[in-house]
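Here chain A shows up in two complexes: once beside chain B, once beside chain C.
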Partner chain A sequence: MARLLVTIGSIFLTLLGVSVVIFVILRLVPGDPISMMLPPGATDEVRANLERLYGLDKSIPAQYVIWLRNVAWLDFGMSTQFRLPVMEIILDRLPATLELVLLASLIALVLAFAFSILAVWLQVDSATLAIDGLAGLAQAIPDFLWALIFILAVTLFAPMMPISGRFDPRTAQDFATNFYLLESLVTFRFDAFAELMRYAVLPALALSLPLAAGITRVLKGALEEAMAQDYVMLAQTKGKSRLAIVLGEALRNAMIPTIALTSVQLTFLIGGTVLIERQFSWPGIGSTAISAVINRDLPLIQGIVLVFALIFILINLASNELYRAADPRLRTER
Partner chain B sequence: MSLLQVDSLSLGLRGTPVLRSVNLTIEASEIAGVVGESGAGKSMLGKAILGVLPRDVTVTGGAIRLGGTDLLALRPRARRALLKRDMALIPQDPLSALNPCRTISAQLAEVLPRGTVDAKLEVIRWLDAVRIPSATKVAKSFPHVLSGGMRQRALIAAAFASRPKLVIADEPTTALDVTVQKDILNLIREMQRETGVGLMFVTHDLCVVAKICHSVTVMHGGRVIEQAACTDLINRPGHAYSQALLAATPRPDQAGQGLEPVPTALIERMIAGAGDG
Partner chain C sequence: MKKLLGLLAGTALAANVAFADDSTLTIAYNVSLPSWDATVGVSAVNPTIQSIYKSVYDQYIDQNPDLSFRPGLLTEWGWNEDRSKVFMEVREGASWHNGDPVTPADVVWSLERAGKEETGNPIQFLWSTLGNFTVDGNRIEADVLRFDPTIFKWMAFLTAYVLPKDYYTEVGAEGFEKAPIGSGPYMVDEYVANSFVRLKRYDEYWGGAPEFETVIFKFLPDASARVAEVETGASDITLEIPYEEYDRLAAKDGLNGVTTPVSDIGMIFINDVGVMEDANVRKAAAHAINKDLIVDRLLRGYGVPIDTLQAPEYAAFTAETTVAYDPEMSKELLAASGYSPDNPVKFKIQTTRGFKPKDYEMIQAVAGMWKRVGIEAEIEVYEIAKHFDLRARDALAPAAFYNWGNSIGDPSTSTGFSMFGPSPHSTWDTDDVDAMIGPLWGEEDEDARIAGYQKVDAYIAENAMVIPLLQFVQPIIYRDGLSVTPHVANFLLPQNVSSN
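Now for the complex of A and B:
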């Protein structure tokens, strides 16, 4: 219980720190939203009016206090670029990115676990070499290049496969949330899910391949190390098959470094979807963030940064909990 | 019929001989010591019998029979089944021989013979049998909370809990400190006596052999140098190498006498002689 309170407290402290840093930095860098909004030849009076309207005539600390007070009520202000509440834009765009990232990590984990376990189980030099080679290739080619390769391949060989957007606007379905994939899955609309997957699979695959390669390397190395331990030899003398030993003895011990790498990579992935979203016209938060920065949309940038910070914190917390679950040595009560 | 019969077993590490035509017989209820210096091949012999040789070490000749069954002729699955049913290992290093991510109970329960009714109770019974205090609590805990001696006791329990016919103890006291060594040794002897298993005791320590073994096999350079009843070997070692090993071992009955290192010339002569055979 006390641990939970400390955790929640530390989340808020971290977010507060992030908010101060982003607020101050955004106001110190050159360029301001008002200049982006004004037509050429606008008078100083118009500019002053607009500045007053958005509260930009006040001092930075005063602005911060006002903003923070509103944020406490989940009001992140109005986007200067879209003239919409920041919260609304984020809630509209974030689910698309989260679904893409989730799908990509799922694919990456499945590929990584399958290939690592296969390599260590088979223990055949040629298979290990092939898997190492594939992993090297997948990792050497960055995700945006994979995206280009997929787009090229699809246009050449499967022109019916969509390469743009999240769904077909002509067959748009009613969804209560913006998590289309998840929603169609939990409401058992499998035809809608399959249709959505046709759009999601290529960007997700492009994102997942380098990630899968990274996880494979770590997991395979950790599995190999575990298989050389004495407890594996002892498990052999208990008559266990090699596959049973890989899955039952080595895998748990190999989870610890794998969790560490995956959680770090996952945070990179959430920030790194920008290019993929652009390439596949995926209506996610990455492209929104870019346009917010270009247009000096201060409230929107602040909102997005805070949401990203929260997601990173949550991923870190989750990975800490997973460590404790995976390694009993971290669980010892003091 | 002997419990275990190893007939002119040879092992090779990518062409280099590791064991050369080793013969060894262990009777039921017997403690058979296998002694030798590092690299003598004594641990490899144990691993070959269990069938857990490192990947690049292969059997190049000979036979291993357990109760008449030729282990080397068995298919992997049948050999695993026999291994689980009839053989067990007490490993050298208790600190690394227990899986850190699994409870003691889980690692013990999986060796219990088929048809065990209450595995939990049986595990605790075995932990009690090896005199682990508060067995109920220890069963639920993970290895890292136990001391080396306690872990070795748990491993001894695991070795005997499968009710095997043959237990191979591979230097089971080497990684422990001296005060614990004696307790563990006594415990192994006691468990062996109660269960009547055949025990192959691999060690480099002639003192330990003198204390608990019935017969001794002295190994050097992958071959058997001498095989004798324990008392005979200690009192009248036949081979020059056995004599040298004895002279290099501290003996309580000859306290005050200096120790002699195994003479290099003897080793060189033996290696030269090995070339002919």
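Now for the complex of A and C:
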């Protein structure tokens, strides 16, 4: 119970710190939203009026106090760009991003586990070299460049693959939630799921490749290290096959560093959605974030940063729990 | 391998056939639409979004593709003899997308709302020049509280959209954002922010139902994605792509291209600080730039060199005002102020990078040309928001590249607002220019007003108080079977696209 309270308290403190930093930085960097919306001919009076309307005429501490007071009631303000409540915008678009991140993570994990296990199981130099080379290539190219490569590849080789949006804009969608992929799965609408996957696969793949490469390197190294341990030799003397030893003995121990890396990389993956969503017109929180920054939509930027911070914190907490579950020593230390 | 290629070709063909749908027009569009209220906020003054607004809403007054004005929801307009009143005749037979008729009350409400400070219309300063509206049948009259000779031109410009009074009042601002209606040729069917908007033809449109039953604007800020969309047939038409790609795609089977010079110019703002207070330095900088070379080499010929802030389609354009490319004269001017290639005058020039076609490369070329005559310019890249902020605070560098749109083509919205000292958009603040522009704000004689601005432009050019570079050209790529009428105002309007 005490641990839970400490955790909740630290979450609040972290979010408070993040909110102060982002609030102050946004107001100190050049470029304010009023300048962006001043048309030719706007007078100083027009500027003053707009500043008053958007609450920017007060001091930064006063603005922060007002904002924080409203946030306590879950009112994050109105987006100056979308002219809708910030929380409504975030809740509307977050599902698209979460589904994209989830899919990218799944792809990354499947690829990483498959290649790592394959390399350790086969023990063939050429295969190891090829897997290391592929991992190096996938990691060296950033996700947004993978996106460009995929867009180019579609143009040349697969024009039937969509490169924009989350679904065919010619068709109407009748989902009850904004978790389209998940909803289509749980309602057994596999045709809709397949169609949605067609739109999701390229952005998810672009996001996942650098992550897959990173996990592959760590997991493969950890597996190789585990395979040199005494208990593996013991298992070999018992006549177990190499694949069974990799899967049954080494993998569990190799998971610990992999979980640590994956959780860190996952946060980068979420950050990566900002560019990937824009490139593929994916209507998530990432593309919303970039347009909010371009248009200096201060309330929306603040809201999105807080949500991102919360997600990062939750991922770290989840990875800690996974770490404890994977490593028995951590469970018995307290 | 042959089998594989054949399979790929077959798939590509099948995909293109699948996308072909004569009743639907899909546009790979370069910007995303954030808000449906075309009268308030950042979107309202973003020129690139106006194509979508103009598809859904009507303006008080409309524009032909050559920028000339034509009736919109107003069929007649004007001032009385002593300019103390305006009159407007509202079109009969126009209706909102919910079937309600467009009435003079809608027009009056829209104008009054736009003129109120609390609404947050960025052009409120102009709309508030009219007041005390009266309605008699379809005729509206209003008092001119402050005379502005451009008020009717502004009725075809930013934020000049008529919104439905009863509907808006009933659903409120948020309700309107979620379910907007207008009186334009297309109705909003589905909108997914940052992804697409699907519009449906409004069969009762007063101007006649448009050709396409469905229009989809896909929001694709990434130029490579837009190129891929038209190349694969996923979209029928796109715009604002690199000129290299335009040339490649226009030459391709199944695709066509059209380019037109638009109401958007590239210019170098001069701030009257430091070395820029020396007329010799400014003039030398202006005469040292070979604009033809920049257009030919960097923009593949897609640009129109200009010497004033008036593009050829603008009301105050005159071919008589020119600034010659004369590097020898630049050297002489600099020498008169004690500068030379060995002892160059130094200042900073700011520019965007990737915001306009070849913006950074253009400024690199300019800096290279300047270096040859004795000007050493340090290039600083800034982003759009910073430019606006610095411009509003009159804190731009001595030279700063940016673009300036002016879709109504009036000199007050080009030379006026960018060169008149008290304007927050001016970086040049000197009494001589202010004294010339000042009286023109309220000039009632249109010919005299235009002539006055031509005189100001000539004076500014002679003294190099700004360096206009070129008029941008909009490239449009579209599939076979379509016909596209480009719009000088930089719009890509679905109602201006038809099947062959």
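Things to note:
Keep this in mind: the second predicted complex is superposed on the first by the 333 of 334 C-alpha atoms of A that agree within 3 Å, B and C clash if a C-alpha of one lies under 4 Å from a C-alpha of the other, contacts with A are read in each partner's own complex, and residues count from 1 in each chain.
Throughout what follows, a residue touches a chain if its C-beta (ideal position, glycine included) is under 8 Å from a C-beta of that chain, and two chains touch if they have at least 3 such contacts.
All values reported here derive from a predicted model rather than from experimental measurement.
When the two structures are aligned on the shared chain, A:Asp125 is found in touch with neither chain B nor chain C. Between chain B and chain C, it is C that contacts the larger number of residues in chain A. Once the two complexes are laid over each other on the shared chain, residue contacts for A:Met233 go to chain B alone; chain C is not touched.
When the two complexes are overlaid on their common chain A, residue A:Glu249 makes contact with chain B while staying clear of chain C. In the overlay built on the shared chain, the residue A:Asp174 is in contact with neither chain B nor chain C. Contact with chain C, but none with chain B, is seen for A:Arg47 once the two complexes are overlaid on the shared chain. Of the two partner chains, chain C is the only one that A:Ser281 touches; chain B does not reach it. With both structures placed on the common chain, the touch criterion links A:Asp327 to chain B but leaves chain C unconnected. When the shared chain is aligned, chain C comes close enough to touch A:Leu152, but chain B does not.
On chain A, the positions that touch chain B within their shared complex are 123, 229-231, 233-241, 249, 252-253, 326-329, 332. Residue ranges on chain C touching chain A, taken from their complex, read 8, 11-12, 14-16, 18, 21, 24, 26, 28, 32, 34-35, 37, 40-45, 117-118, 120, 122-126, 158-159, 173-174, 177-178, 190, 192-196, 198, 214, 216, 218-222, 224-225, 227-229, 231-234, 383-386, 388-392, 406, 412-413, 416-418, 422-425. The touching residues of chain B, counted against chain A in their complex, run 50-52, 55, 77, 80-85, 87-89, 91-93, 96-102, 110-111, 142, 144-145, 155, 158, 162.
The touching residues of chain A, when paired with chain C in their complex, are 30-33, 35-47, 49-50, 53-54, 79-85, 89, 92-93, 148, 151-152, 154-155, 157-160, 162-166, 169-170, 172, 277-284, 287-288, 291, 294-297.
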